[in-house]
Amino acid sequence: MKELGIGIIGTGFMGKAHAFAYRAALAAFPDIPVPRLEMIADVNEALAARAAHQYGFARATSDWRALVNDPRIDVVSITTPNTLHKEMALAAIAAGKHVHCEKPLSPTLADSAAMVAAAEKAGAVTQVGFNYIKNPLLKQARDMIAAGELGEITGFRGIHAEDYMHDPESPYTWRIDPVGGPGVIADLGSHIIGMARFLLGSIAQVSADVRTVVKSRPVARGAAERKEVLVDDVARILVDFGRGCGGTIEANWIATGRKMQLGFEISGDKGSLVFTQERLNELLFYRAGGDSRNNGYVKIEAGPQHPPYGEFCIAGGHQLGFNDLKTIEMGEFLRAIGRGEKATPDFREAYEIQKVVEAAIASSQRREWVKLA
Amino acid sequence: MKELGIGIIGTGFMGKAHAFAYRAALAAFPDIPVPRLEMIADVNEALAARAAHQYGFARATSDWRALVNDPRIDVVSITTPNTLHKEMALAAIAAGKHVHCEKPLSPTLADSAAMVAAAEKAGAVTQVGFNYIKNPLLKQARDMIAAGELGEITGFRGIHAEDYMHDPESPYTWRIDPVGGPGVIADLGSHIIGMARFLLGSIAQVSADVRTVVKSRPVARGAAERKEVLVDDVARILVDFGRGCGGTIEANWIATGRKMQLGFEISGDKGSLVFTQERLNELLFYRAGGDSRNNGYVKIEAGPQHPPYGEFCIAGGHQLGFNDLKTIEMGEFLRAIGRGEKATPDFREAYEIQKVVEAAIASSQRREWVKLA
Amino acid sequence: MKELGIGIIGTGFMGKAHAFAYRAALAAFPDIPVPRLEMIADVNEALAARAAHQYGFARATSDWRALVNDPRIDVVSITTPNTLHKEMALAAIAAGKHVHCEKPLSPTLADSAAMVAAAEKAGAVTQVGFNYIKNPLLKQARDMIAAGELGEITGFRGIHAEDYMHDPESPYTWRIDPVGGPGVIADLGSHIIGMARFLLGSIAQVSADVRTVVKSRPVARGAAERKEVLVDDVARILVDFGRGCGGTIEANWIATGRKMQLGFEISGDKGSLVFTQERLNELLFYRAGGDSRNNGYVKIEAGPQHPPYGEFCIAGGHQLGFNDLKTIEMGEFLRAIGRGEKATPDFREAYEIQKVVEAAIASSQRREWVKLA
Amino acid sequence: MKELGIGIIGTGFMGKAHAFAYRAALAAFPDIPVPRLEMIADVNEALAARAAHQYGFARATSDWRALVNDPRIDVVSITTPNTLHKEMALAAIAAGKHVHCEKPLSPTLADSAAMVAAAEKAGAVTQVGFNYIKNPLLKQARDMIAAGELGEITGFRGIHAEDYMHDPESPYTWRIDPVGGPGVIADLGSHIIGMARFLLGSIAQVSADVRTVVKSRPVARGAAERKEVLVDDVARILVDFGRGCGGTIEANWIATGRKMQLGFEISGDKGSLVFTQERLNELLFYRAGGDSRNNGYVKIEAGPQHPPYGEFCIAGGHQLGFNDLKTIEMGEFLRAIGRGEKATPDFREAYEIQKVVEAAIASSQRREWVKLA
C-alpha cells in the first residue's frame, strides 16, 4: 500500500487530536495507506516546531501555504479557526491535496458551497471532523435502524449540550465573534444534526427557537466593560425528517453541569435506542415484544463485535476514548484516499448539515417553519 | 379536627389509587381532617359494592348522583373518563361538595372554564390529579429554584413519554376517541406542562408540532377493519416561559420502551437539576463553582429531610412509591379543606395547563407561534 | 372471608409501617381475611391513643398484655425493641394469637429457639419482618433462578450497607447495647442473609471477619465522656451455600453515603442478576448467548407482570415504595392465617438466619470456618 | 532529552497495546525521553515483520534474544505468556536494559523474587502492566484519601470480575494450565489487589476462599474429551490492611455478563469513593455533612483538572479509553528512566502483589487466616 504524506495546519486542541490519530491510524488499521508524518504548520513557528517534534512529524513551518504546496504532502488537515478554513482548503485543493477540515466547514453557507464545488471539481477526497459518529456503537445503531430492528421510526430526540459558556461573566472571545458564523448551533448543533442525518437521513423542514441568552459578556475576565453578544447560546429545533418522522434537536453551550451531553433517543414502533456520549461505550436498546417479565432496555457495551473496536483492543469492556474515535475517523479518511473513494462525512455532507443550521436560524428569525431545499 | 365524608366515583385505575390514598392520608398526616370513607359509586353496582368492601367504604351505589347529593359526603373524587367530569363536578359543586377531579379536567377548554367558574363561585375547594408534582423531591427542586440556587434559569427540557400506544396494531379505544379531547398532549402532556409551571411558572408562548403517527388502528385486537385515528400520538413544543427562558416539552405515548419517562432538565447560570420519574426518589443537582476536581452532579436521594417523606418513613433510603405520592396529594387536599384554603393544583391551574395544550394544538395547525393570553 | 382482629405493639418506625400496611392490605388483596384494626399498645399511653386515632384503630392501651390477651384480637404485631420480643411473642402465642415480629427475632439464638418452639407447638402462624424480600422483582429473581434461567449458580455477592452509625461522634444508644444482641450483623446482616437464603437456599458454612470499628462513642451528642462499644460495625463473610456455590456477604452500618445499599449480584453459568434496593423497582438480568452485538444487561422495570405489583397499580412504571412492600408482607401474613398455612419468613426461618449470624460471629472470634448444623 | 530505543517482545493483545502506547507517549508527554521505535520480536517471524511495519518499528525478529541484546535498544517490553517472563526479563536486565513486563510477573513467587533481585541489583528501571491504576481519576482518588477527605478509612470492597471463562464448555487453554501459575486470582486478582495497595497501602493478612468452579473443560471446542481444571475460577478474600481497616476482594472470571467489573467502594468516616472501570471516566464521591437536603454522591467526570487527562484532551467530557491509560503507563515509565527514578508499579510492587495472591491461596488451602510477612 502506498504512503501518504500528511500535513497538519494548527497545533491547538484539534491539531493535537489529529496528530494522535495519524500516529495511531496504521497501528489500528493495517489496510490503509501508510501515513508519513510530514509537516505541521502554525502561525507561531516555535509552536509548530515543538509540535512537529512532539508528534513525530518531519518538518515544521509557520507558513501554511508552504505546507499546502509541499510536494511531499498528499493530505492536509485543517484545524484552525473556521474563518480560515475556506482559504486554506481551496489552496490545498488547488494544490491537488486531499483535505480534512474541522467543523464547522466555514462561517457561511456560501463559503462552504464554494469549498464543496472546488473539492468536487478537483476530485479531492474530503472529510469533515464530525468525530462522534465514528463511534463503533453508532455504526451499530445505524445498522440496527437500517435493518429494521426498531421497525418504523416514529421519533428522534437529539441534543448536544455543554456548559463552557454558561457563566455570564466568562469573557467575550473569538468563539462568539459573529465573523466566525453562528454560535452554538454551528459549534455543537452541527454535531447532533450530523448525527441525526447519519442515523435517520435527511431533514426536510425545521421550526426553531435560536436565542442569545447571555446578552453581553465582559471584554476580559473581570473587566467592567462588556460587549454585546450577537451569536446564539441555545437552539431548540423541531424537525421533520425526509423519511416522515418528527423530532427535536437542541444545541446548548450554557447547559450548566453538562460536559458532553451529546446524544439521542430514537423510537420506532418495534424498538428504540438511547445513547449519550457521556457514556460513549454504551448503547441502550429496547426491543418490543418477548416475555414482559424479563424485557427492558439492554445496555450494549462496546466490544470487538462492534467493528472497528477490535482493532484497538481484542477484548470487550476495555473502552475506547475520544482520541480513538479520531483515529477511526482518520483511518477511514486515509482508506478512502487509498481506494479512491469518497470519505464520510465529506464537504458536501458538512454543507448539508450547515443548510439545516441556516434553516433553523432563518426559521427562528421569521418565526415560521422553513423547508430545506 | 372535624371529619370529612369521602365519596369516590369510579373504581378503575384511579378510583383504586384514590381509595389507597384516602385510607393512608390520616396515618401520614395527623393534622388533617379525619377522612370518613363513606361511599363509592360505579355504574356497575357489583363493582361498586366490591370496591366499597375492599377499600373499607361504608356504602356503594351505581348512581353517582346519589353519591354527589348524599348529605354525609363532603368530598367527591371523580375518577371516571374525562367526558363525564364536567357533569359530575358541576353536580357535586352544586351540592356543596369539595371536588377532586382526575386530569385532564375535561375534553374542551370551554367545559373546563365552566367547571372553574362554578367551583370558584361556590367556594368549593378543588384539586386535579397531577400527582407527580407531589413528590417531595419536586418540592425540593422548586424550593431550590425559588431560592436562586440555580441562578438565573436559562433553559428547560421536559418530557413525558410512555409506550402504551406504540404498537400500531393495538386497537382503537375510548382513549383515542376525539370526543374525549386531544390525545397524548392532554393525557401525558398535561403532566409535564403542569410540572413545568409548578417549577418555573407560566408559559407565555408556544410553537408546536402535534401529530398523529399511527394513522389508523384495528377496531379490535387482530381485526382486519381499521379506524382512522384523529388524536395526536406525539407533541413536540417549543416554549417560552413568562420569566423569559426558553425550553422544549414533549409528550409521547408511542415511545417504545418507556414506561414513565416523565422528567426534566433545568439549567440556570449557577446550577442545574435533572429528574426523571423513572427514578422518582432521586434528583440530580449540579452547582457551578467549587473545586473542579471533585465537583459534578450530586445524586440527592429522598429522605426525611425532604418533607413530607418523613411522614411515610423516618429513615432515608426506603423510598416512596406512586401510591405515596397520591397520599400526599389527598392529604394536601383534605388539609386545605380543613383550613378553608385553596388546594393545588386546583381547577384553575388545570385550566391554565389546558390552555397551553390548546395553544400548542393551535400552533401546530397554524404552523406558527401562539401566545397565551 | 372471616375477619381478623389486629393488634400492634409499638408505635415507632415499624409500628407505623405496620399500621400503613394493615390499612392498605385488603385494598390491595381482596382474597385475604378482613383486617379489623382493633388495638394499639405503647408504654406511653398518650402515644398509643394518638396512634390509634391516627391509624384508625379502635382502641389504645399502655399495657401490651391487655392487647395480647384481648379476645377480639387474633393477630399481634410486635414492633418493639428486640429485647422485648420473646416475652411478648410467648405471651401472644400462649393467648392463641398469630404473631408477626419485627427482626431480628431476639437477642440470642436460645431465645429465638424458644420462640420457634412455642409457636410451632401452638400452631401459631408467624412471620418476621424481612420486608425487602417481598419485592415483586425479588420473587421474579427467585423464579428465574429456580427455573434455571441463570443455569448453574456459581457465585453470590450480597451486601447491606447503610451509614447511620458512620460518625464516630454519634452517641451510644440502645441500638448498640449488647443486651440487644449483636450489632450490624443482626440489624442489617439478617436482611441480606435472609435474602440470600430466599434466593439460593441454605448456607452451609461461613468464615467471617466481624469487627467493631468505632471503639467508643460519646454517651450523648457532644459529651466528653465516651463509652466502649461492644457490638460490631461491619461484618464481612465468606459463605458456602448448601447448593455448592460460594459467595460473600457484607453488613455495614458505617458505610458513609449509603442509605440503602441492600443488594446482590448472582452469577450462573448461563446468566446473572443484579439488584439493589437503592433502585428497588429495577432488576438487571444478563442472559448469555444470543447476538453479542446487541446483548447486555437488561434493566427490568417493575410492572403488573410481576405479581403482586398489579394490585397496587395496573400500569408499569409507577413504582412501589417501601410501605407497599410492607403491605405485601402483611397481606401474605393475613392470607396465610386465613388459609391455615405457614407464612414466610416465619419464626423458624428467622431462627435459621440467626444461626448464620451466630456462626459468623463464632467464626470471626475463632478465626476459622464454621459449619452450620 | 535523550532518546530511548524501544523493543517489544510479543505481538498479541498486550504487544499491540504497548505499541499504541509507545507511539502516543511523546505526543502526550513532551517531557519524556523520545521513544525510538526500534524492534519487535515474535516467535512467528511473519507476525513480527507485519507488526513492525504496522506499528512503525524499524526492525523485526523472531529471536527475542537478539532484541534483548541489541545495542540500540534501551527499553524492553515483555508481553509474552507469563511462563516466559522470567527468562526474558533476566536476559534483558543482564543486557543492561530497562524492563516493562506484563502482569502477572511470573507463575511463582520464587521466580518473581529472582526477577526483583536481578533488577534491583542491576539498577534497571522496571514497571509491570497494572494499567488500570494509571487512570487520572484513580490518582485523584488516592490524593483524596491521602489528604484525609474521606477521614479515617473504615472499609474497602474491591472486585475484578469478568466472564471470559464463564461457559463450562469453553475449552481448556494455556490460560488455565497451572504451569502458568494460579488462575483468576493471578490474572484479575492481581489488578484489584494492586489497586487496593495503590489506594490504601499494604495488606497485612487475608482469609480466602479460592475455588475451581468449572471442574473440567473440553480439550477443544465441542470435544467430548474433557480435561480437569486445576486453577481457580473465583477467589473471595477477607483482607486486613496494614493501616487497620478491613475489606473484601473478589476475583472472578466466570461472572457471566461482566466484561470489566473492576472497581471498589472505599468508606471513611467522613466520606466515600466508588469506582468501576466499566465507567472509567467517572468517580463517585460522597462527603458527609453539609446540607442533607442537597447532599449525595457526586459524579466526578474526568477532565483536564485530573492530570494527565489534559495531555490527551484539553476539554472535559471527551473521555479517555483503555489505550490512553496504557499511554500514561508508558509515559511514566519512560519519564522515570529519563530521570533515573523508580517507576511504579515496579517489579517489587508486583512481587508484593503476588505475595498477597499466594497468601490467599495458602489461606484457602489451610482454611485459616494467613499473615503477610
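All chains are identified by letter, namely A, B, C and D, in their written order; residue positions are counted from 1 within each chain.
Methods note: contacts are C-beta pairs under 8 Å (C-beta built on N, C-alpha and C of every residue); 3 or more make two chains touch, one makes a residue touch a chain.
Everything quoted here is computed from the prediction, not taken from an experiment.
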item	value
Selected pair, greater C-beta contact count between B-D and A-D	A-D
Chain whose mean Cα position lies farthest from chain D	B
Distance from the mean Cα position of chain B to that of chain A, given in whole angstrom	41
Chain centre separation in whole Å, for chain D relative to chain A (CA means)	34
Rounded Å distance between chain B and chain D, as computed from the means of their C-alpha atoms	53
Per-residue multi-chain contacts in chain A, two or more chains	258, 296-297, 301, 303
Residues of chain A defined as touching chain C within the complex	140, 144, 149, 285, 292-301, 303, 305-306
Residues of chain C that touch chain B when the two form their complex	13, 16-17, 19-20, 23-24, 26-28, 30, 50, 54-56, 162, 164, 258-260, 277-280, 301, 303, 312-324
Interface residues, chain A side, partner chain B - complex	150-152, 154-155, 157, 159, 163, 166-168, 207-209, 211, 213-214, 233-234, 236, 238, 240, 245-248, 250, 252, 254-258, 265, 267-272, 286, 288, 296-297, 367-369
